[in-house]
């Protein structure tokens, strides 16, 4: 399935486009099973729309964090129902499609990938909720350290751009774009470690400050998890396109990228 | 069906127009008339046969030979025993010749010749032969076997003439039946690892049997009723004769001879013989039909 | 689904997670590759091994028209290989070349080699009748011989071949058992074969083929004239039969190929496009034409 276009909504871009943004490219003549293809397309659009929800949630929770806005945090927590609702909807759609249409080959891989994707979306939603829950814990007048907040803000921006990029990569079946997510994720990991160290360095007698710092570590952790989930979605892109599943490793890890296993010698094409 | 149609509209759409009804009636009437017209001679024949022939039937009619004493009124003219037996003998021999050969040719045409030019030529000539008047066959045998060899009439020569008559009919009907056998049957048998001849003998022919029997019986019925070929080949005699090498009586010839006699009793005997012949053929047809009904293919 | 009061789910925490979180992943299992197909029934348990068939440069003609245009294909012993493809792609023709039934059609001929375990069945010294005994065939429409009883139908192969007729009863019973029909007909062996239901008739035809002890059985859309339950019974039968014979099945029904076959070959326009383990063909085919066909975009 070669991508007809590679929608480049990478970091920085604010527009997420209209309802057609997530439509996958067509692959060759579609004489048969038009109804089924339409259903599959709808399902994908629905699932990718979940990523839009995540970006919304992320934006709001980051703002809440920045301004210590407890009410906004509450809204984020409440709105996680929407993410869960989307999960259920897409899940049901997938089951239905599997039972009624018996997809095979590329269609089957797509369905399997969608199943993984919405799981990751749901997890990302939960991480946003985790962040939101940490905000009131800090109290209404938390002893804020600006450097930590700034680092978190940067992490948030990276996480957001990763989510947006993962959506673009999936919609465009762009494996290159998906692999690029690893690069951004490294940034997040670096910032995570930085925040951890900063928190450690916050000494002093003020128990409130130390407690606040601990919470910020947890926020960083949640943002880092969101980044990981985005990378996982990127891996699904590779699976849909190539039919092979491999982990995009962080190059800082000695394991490196696992080579594709040797193709089955019994398979031949002519 | 649009929702705006009322039940009344629907009725008019499906109603039969009066013009159609009229045409229908006229057509039916015409066909019925033609049928009746065709049946009239048939009914008349049966009626006459029964009326004139039944009176001659008696036990002695069937058990005594014609005596040849036909000129003197009151003398015993005898029955038609030799004619009946003669017909049976000659037709039996003719069948014994024509049926195996005919079926053989049909098998060759369907299984081996198929649509080759040679097979098509054979088919053409077989078709031609079905239309040849029966007297030609008699003449052919007469010229070849009687005049040509200088020998005299004989029962078996009559059988030969009859078999030539039967041959095209047997071939035709057997070929039709063999064609009706689904190719899938032959395929399955071949796929089991059977040589072709085995497939024909063990699978195709047994399956075709009921249909072919029908065809054969019809050929026999036709042969039994032919006079012309026998006139030149088997001639005529009074006695019951089991020697096919000599003259042989037969029903058609008997009738032929008797019908022109001035003696009324003899003419009546002719009618009786005709009735007998018709009944014999009727019986054969009934048997053919019974077998056909039991077969799965015909 | 929503996180509860605690901010971290224990499943998320792994020992090195907090620091080296670049490696942190949700703990779902991650196979590097989809698991390989389970191998065919091991020949160690086969009661009698089937033979492999190999096509080399097979071409088939109807007069001047070439329907099979040079096919090289392996059918492995004791495996079920399915041939799929759109109508008119030559799959039935190709299969009929294997047991040399193709040449029975007037004007038809085949070129190339068909190797039954290294013996070329098209070799001039080979008896075509013997080939057909070793390579049996089951057709699309069940066609038991109409004049014969059930017993005679099954025995017909043995009788027609005039070889190995000993213990006819034993062989007929074994064949009927092999076709999964014995229990249903053992008490009415003398009844006409045509009196059975469609599914039973087809199993009768399978028994008939089995009776002559072939090494390979070719099936040309064996279930397309049958109802779903009869179809399933025959598919189960195929799964058992492959322990003793090699099976090649032509089918229009891709789901059937997916259920029944170890390997699947896709043909298009008289040529072989792709062949491979069934699981691969239906989850990740290599050729885009295969992908389009199996996903129903044409055909």
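In order of appearance the chains are A, B and C, and numbering begins at 1 in each one.
The criterion applied here is as follows: a contact is a pair of C-beta atoms (placed from the backbone, for glycine too) under 8 Å apart; a residue touches a chain by one contact, two chains touch by 3 or more.
Since the structure is predicted, the reported quantities are computational estimates derived from the model, not experimental observations.
Undergrad: Taking the mean of each chain's Cα atoms, which chain ends up nearest the overall Cα mean?
TA: Chain nearest the centroid of all protein C-alpha atoms: C.
Undergrad: Please name the chain that ends up farthest from chain B once chain centres are defined by their CA atoms averaged.
TA: The chain farthest from chain B, judged by C-alpha centres, is A.
Undergrad: Could you state the distance in Å from the CA-based centre of chain B to that of chain C?
TA: The mean C-alpha positions of chain B and chain C differ by 52 Å.
Undergrad: So the centre of each chain is just the mean of its C-alpha atoms; given that, what is the distance between chain A and chain C in Å?
TA: Roughly 45 Å, centre to centre.
Undergrad: Give, as an integer number of Å, the spacing between the C-alpha centres of chain B and chain A.
TA: Result: the chain centres lie 91 Å from each other.
Undergrad: Multi-chain contacts only, two chains or more: what residues does chain C have there?
TA: none
Undergrad: Going by the contact rule already set, what residues in chain A reach two or more other chains?
TA: Nothing qualifies.
Undergrad: Can you tell me which positions in chain B touch chain C when the two form their complex?
TA: Chain B residues touching chain C: 114-115, 182, 184-185, 187-195, 198-199, 202-203, 206-207, 209, 296-297.
Undergrad: Which of the residues in chain C come into contact with chain A in the complex?
TA: These residues of chain C touch chain A: 1-3, 7-8, 12, 18-26, 30-34, 36, 254-255, 258, 263, 271-277, 280-288, 290-292, 294-299.
Undergrad: Show which residues of chain A lie in contact with chain C when the two form their complex.
TA: Listed in rising order, the residues are 27-33, 36, 80-81, 84, 87, 102-109, 120, 122-123, 126, 129-130, 133-134, 185-186, 189, 192-193, 196, 218, 221-222, 224-225, 228-229, 232, 243-247, 250, 252-253, 258, 261, 264, 266-270.
Undergrad: Report the residues of chain C in contact with chain B in the complex, numbered from low to high.
TA: 99, 101, 104, 106, 129-134, 136-137, 139, 141, 143, 145-147, 156-157, 159-162, 194, 205, 208-209, 212
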